[in-house]
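The following pair of complexes shares a single chain, chain A, combined with chain B in the former and chain C in the latter.
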Partner chain A sequence: MIEVMSMYRIRNPEPTKQRSVCTSSASEPASLPAEDISTNSNGPKQDSLFDDDPEDLFAEATEEVSLDSPERDVLLSDGPSPAITPITPPTSVITPRIGLPHDDMFTHSSFDEIEEEEGGDSFDMHISVSDPEKVGDGMNAYMAYKVTTKTSMSVFKNHDFSVKRRFSDFLGLHSKLASKYLHIGYIVPPAPEKSIVGMTKVKVGKEDQSSNEFVEKRRSALERYLMRTVKHPILLKDPDVLQFLESSELPRAVSTQALSSAGLLRMVNKAADAVNKMTIKMNESDAWFEEKQQHFENLDIQLRKLHASVESLVCHRKELSVNTAQFAKSAAMLGNSEDHTALSRALSQLAEVEEKIDQLHQDQANADFYLFSELLGDYVRLIIAVKGVFDHRMKTWQKWQDSQMLLQKKREAEAKLQFNNKPDKLQQAKDEIKEEIEELEGKVQQGERDFEQISKTIRKEVSRFEKERVKDFKAIIIKYLESLVQTQQQLIKYWEAFLPEAKAIS
Partner chain B sequence: MHKLGEGEATMTKEEYTKMKQELEAEYLAVFKKTVQVHEVFLQRLSSHPMLSKDRNFQIFLEYDQDLTVRRKNAKEMFGGFFKNMVKSADEVLISGIKEVDDFFEQEKTFLLDYYSKIKDSTAKAEKMTRSHKNIADDYIHISATLNSLAADDSTANKKHLEKLSDLFEKLRKVEGRVASDQELKLTELLRYYMRDIQAAKDLLYRRARALVDYENSNKALDKARLKSKDIPQAEEHQQHCLQKFDKLSESGKKELTSFKGRRVVAFRKNLIEMAELEIKHAKNNVTLLQGCIDLLKSN
Partner chain C sequence: MMEEVKEVTSTLSVDGHNIKVTEVLKDGETLTFLIVSLKLSSTGEYHVDRTYDDFEWLQQHLFSQEDVPGIQGVIFPPLPAKAQVNASAKVMKQLGFLGLEDWQPYSKALETFLRQIATHSILGKNKAVEIFLTSSDPPGRQRVRKNIFNRLSQAVEGMRKEGHKDVDEFFQTERDHNLVLAGGAKTAAERFLDVVQTEQKIAVACGHFSTALHLCVEPGEDLNKQAFSKLCVKLSEVFASMKKNITSVAENNVSTLGLGLDLESRYQEAEKEMLFRRTCKLVELETARRNAEKAKPVKKAAVSVTFY
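Our next item is the complex of A and B:
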């Protein structure tokens, strides 16, 4: 606890409007006592949430049970965050508005209001991941990346700062965010995937093309991951995110290692989860959810197909580049063989043009990959997260129903007690059951509230996600098409330069 | 066709139609190619001083009814096959002959070297064309999937996706034409001259053969003179061989010189046309892409 307190003390010397949102009761932004209070008030809620956490964390049944899962088990995490950082921010933001019927417009406007309260900072932030550097030797070596943040938003102390982070730090961040937000319906962007093969090559020290490409691919993916995470208004304000971006030292996230006990526990839980999902039969009363789930299913299939086609395109374009280079060499040799001087020169020029063109194709293949293909890959993984959030809603519903059934049983048991003959034991039993019933009634109410809450959150999240997706795609596709235009314009230049050479053959 | 049949199960109806279209376009391109090749063949025959006067050639051009050319029967095919084998063995033996004429010596070295280089270039050009075709195929699949995405979409994004799908459909047509034009102008050019050089090599071979025959006939004459037997026949045979050799040398020189000229002209024409077509297609691509970008940005 002390650790956490000191962290917050350092963080917030001056009062800011953002902090005030974090607590429903204390309106004064003195963060320290505020956090304290909220933690306490959330005590029981936290416990109940943590009871089921190992299960709640894990998403899709269709997700492959592999060592590559970035999600981790709360109980085995290191660092102060999950067990101590209050989960207050999202719930308390919405709590005051509960009790109103599902009304998208209203929840939207309430969210907007809250955003305005926060000081109306428009999103102005740019994160870049750069300068990959190998640290250490042999199998313990790792890549350190420089994470630079440039922003004018007031939630940060500085405007331009950078820190050094390694891959497991990113996975650790995602783990923490996932454990805090996924089960209440927030779409947490997934972290880039692990690659044992890729990293081993780098560790072993192979300074070749493929390991350079691997590092570049990872660097780019980490950058996109961070930008997506901070674009989410709630996640941006999360202390773990802020700590990740700002503090120079970060406790190592060891439980993200593939071959750890945490990793194995994850796998087991995932399998259990998959079985569970198949047995939940939810009565969907809300057509919106049914429609959206179907929509995301379709989107998933189509995006995977598109991704596969674009990957094929990248492959073929790389082949074209290689074949063009080979042809260029061959044409050069032919030009040397040719004894007619003008034709010989023209053939050499042709060889030069083709060599330039092969580089052009190589560059285009990179644009195909980093712009188009990776975008699609990111969204395929994002949609897995979205589907996970829908599954959490189902689980929340199940919990609520279970509590209700249990309450029903206890009530029946209570009724039966009336006909019990042993008077001394009767009173004790009656009291016990009354207590249990009260507790269960509380649980049922909470279950219903949780269910409504997560449904509301999901509606908002999906709407934000879809807006973001359209914007994202449009921006990147325009960039990609512009890369294609550039390639074609270069081609024109090269061939127009060659034409007089060809005409000069006499 | 085979690839198309295999993929039928996995593709949507539109994709299948598009791939069939692509196949038909390819077939047309091959047809165009064949037509061009035949045209060049006939033009060369007609511009040749000797062959243009050949009776067979004239009949071919003028006879207005079906020619009913008899296919090679089994004997002729075997005969042809056998002859080739003998010829290759012979070529090896003859390649060791000392050449008297500088011109032919130079030509031989040049042609042998050039042949291997041009064969290599033809193969590499073919691979380039294949890659272009593969990219065009990928564009078809991308266009089709974008179309499906557009169909499922109910937001403002729908129009964007439809435009994009349309764009890729157009791009793949251009890419397909780039591939077939490259094939026609570059690959075919190289392939044709590869075969032409083979023909030139054959000419050299025939001349070398005649030289050997002449030298052999000289030796036979000397032997006959020693034995004082069959001298007139030997003399006649020797004269005959000499004539044949001289004739081949003379016509060979003419042919090889005009061959070089023809080669240079053909390369020039094709390289110019290829460059012009590449520019045309690239400009077309730019227009298509820019149009789509402007449309996307304006919405």
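Our next item is the complex of A and C:
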């Protein structure tokens, strides 16, 4: 896998601040460069936090947890642990504390701090998913994968550790992250898809080519999913992610079992969303967003087209491999029946060469597939997440507008009250309305802030996404070209070895 | 017309090793082939154009040489099946490699056919060959009536005769061996055709991918967009050249091993037919002998009776 340097390294404006953080953390070895946020140290961080936005912490106390994101509706069972705040060190938070309202939302500004402070950090982490093992029998069987993390980052207790996870654990992780971060504008990488057919074959115990391929495809997808998730600087620090990577026992993710009902619910919500989208006529004050949305629409179409082309290419290459193998067999038979010794030998050699080439074709087909096809598939799904984030922004705007309209109505009602002639009821009603208006004013302000925040987050996320996209594709293309060159060179070697044999026929 | 071919022995005035089928012309439904042969005595070339019917005329004349001793023992160079513009799928399948690449392999196969006939020690002496190669007018396109040199597929009894055990061990082994080789060559040719056709499909898929990549190019000032566009353009070029590579690999495959396997397969069939003719003659001979044996005692008795 390719090491990815954090892009924030380039943007880091405050080198001095980092050093102060570094010295106060106890767990890192001295040789490491200025590290990621060591949240073990509360001192200097907290000061800066309080300096910037003292109000934010307290405003959260009145904030309602937004419940209208579809992910939240569907996946309710195991509550996500609270998202990180700079005050609570991640390693000590294992049990969810849902009761306290201010833990459920984040200090938005603190994220800015985190992102900027880790500027000098180099992303040094490698996750591998390996050793798929079938556990259990029959329909209750499942595949357990070994998730190994090698890292030198201080966020982790060890530098090299591994745990056993099953597919539903990955889905559980994603659902937790999605419910926490999607609706405030973070692009959460989607988890690999479920496949009933594929898994059933594995459960039933068919040890054949297609079920092996399925397991390998899934293993690779899980690995890519985890790497993408931890490359995201915010998601990396999330306690759920850390728990997933580190703790040997993970509570079973129950919600992912009921595929049919969850899927159905999701479909219903999608339909509701579509209707909503049509009715939300947002006054886009920022042309950037409109342009970006169009850009992602186009990208979506292009990537899907590319994906379809690659799939047909992979299919044909596999066919070529099969046909080459068959031809090799018939050439061998012909060689056996031939009397002329030199010709017979040449034909047998030809058969051998063709067999080797068949293997090459298979390898090439795999390269085509695992490099391109899966990458394109991943990005098609990622773009769905990106679009979702834009939708959330629209919803946030809608919420803000709704509060504003309600406020307007209440103010009008208040004005009307002035003309009411019943003095005894008047004061009470006036007080009530005043309270409501104050509440609504707070909501409007919060709505505006939320909207600003999500817009800001989305800008950053999109910029990061685009950079990652280019990097990803570039890396894959380089790998692919290298494999192509290697295949062709091998092909040349095989044929050059065969040539003297052919010349020796007469 | 028939007088021409009564003169069986003649020497060819052109170089049999250097006959070329240079062009294929499509005229509506028919294909016309341009044949160029080098003169032996003087410098210069004969340019003639022939259709498939002319080739068949030639073949028929060669088959019908009844006064050449042992003609039926010749393994006749195989003529490819008829080529048609807009041929049906069945015809294309039968043609195999010869139906590909816009009739180029087909022309090559015809060329091989003519060369082998012209250089054949017995067949090359037939006047029909000279006429075919040198006469500017197309030779008579009437069908010469078919004689015993018919295709194997017609005779149902052929199947019975085919299994008839031979008296000569050499020929029995040859027949058995030929059966194996014919089957092997046919299978190998068919499988290789599959390989080539899949290669062509891959070429097309590479082309599509290359085009789709090119469509991903976006103009714009944004650095990421530019970087991505550049990647797409480069990759598109790679796949375009892959397409070219695989296309030429497929073409080379056809013109070398493809044609070779096709010829081998058809020649084994031609040998099979020759051996079958021999077997038929063998069966005839044995039947005649048997009848003669049966007739002898009867006649003897009849003759003996009349004497009394």
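Basically, the second predicted complex is superposed on the first by the 379 of 506 C-alpha atoms of A that agree within 3 Å, B and C clash if a C-alpha of one lies under 4 Å from a C-alpha of the other, contacts with A are read in each partner's own complex, and residues count from 1 in each chain.
Note that in this section a contact is a pair of C-beta atoms (placed from the backbone, for glycine too) under 8 Å apart; a residue touches a chain by one contact, two chains touch by 3 or more.
Just so it is clear, the model here is predicted, and its values are computed rather than measured.
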item: Simultaneous placement of chain C and chain B on chain A, clash or fit; value: clash
item: Which of chain B and chain C A:Val485 touches, first, second, both or neither; value: first
item: Touching partner for A:Leu250 - first (chain B), second (chain C), both, neither; value: neither
item: Partner chain(s) touched by A:Ala342 [first = chain B, second = chain C, both, neither]; value: first
item: First (chain B), second (chain C), both or neither touched by A:Ser312; value: both
item: First (chain B), second (chain C), both or neither touched by A:Met333; value: both
item: First, second, both or neither for A:Leu171, with chain B first and chain C second; value: neither
item: Which superposed partner A:Lys503 touches (first chain B, second chain C, both, neither); value: first
item: Chain A residues touched - chain C or chain B, whichever exceeds; value: B
item: Residues of chain A at both interfaces, chain B in one complex, chain C in the other; value: 298, 302, 305-306, 309-310, 312-313, 316-317, 319-320, 323-324, 326-327, 330-331, 333-334, 337-339, 466, 470, 473-474, 477, 481, 484
item: Chain C contact footprint on chain A (complex, rising order); value: 298, 302, 305-306, 309-310, 312-313, 316-317, 319-320, 323-324, 326-327, 329-331, 333-334, 337-339, 466-467, 469-470, 473-474, 477, 481, 484
item: Contact footprint of chain B on chain A as seen in their complex; value: 295, 298-299, 302-303, 305-306, 309-310, 312-313, 316-317, 319-320, 323-324, 326-327, 330-331, 333-334, 337-340, 342-343, 346-347, 350, 466, 470, 473-474, 477-478, 481-482, 484-485, 488-489, 491-492, 495-496, 498-499, 502-503, 505-506
item: Partner chain A, residues of chain B touching it in the complex; value: 110, 113-114, 117-118, 120-121, 124-125, 127-128, 130-132, 134-135, 138-139, 141-142, 145-146, 148-149, 152, 155-157, 160, 164, 167, 260, 263-264, 267-268, 271-272, 275-276, 278-279, 282-283, 285-286, 289-290, 292-293, 296-297
item: For the chain C and chain A complex, residues of the former touching the latter; value: 177, 180-181, 184-185, 187-188, 191-192, 194-195, 198-199, 201-202, 205-206, 208-209, 212-213, 215-216, 218, 222, 224-225, 227-228, 231, 234-235, 238, 242
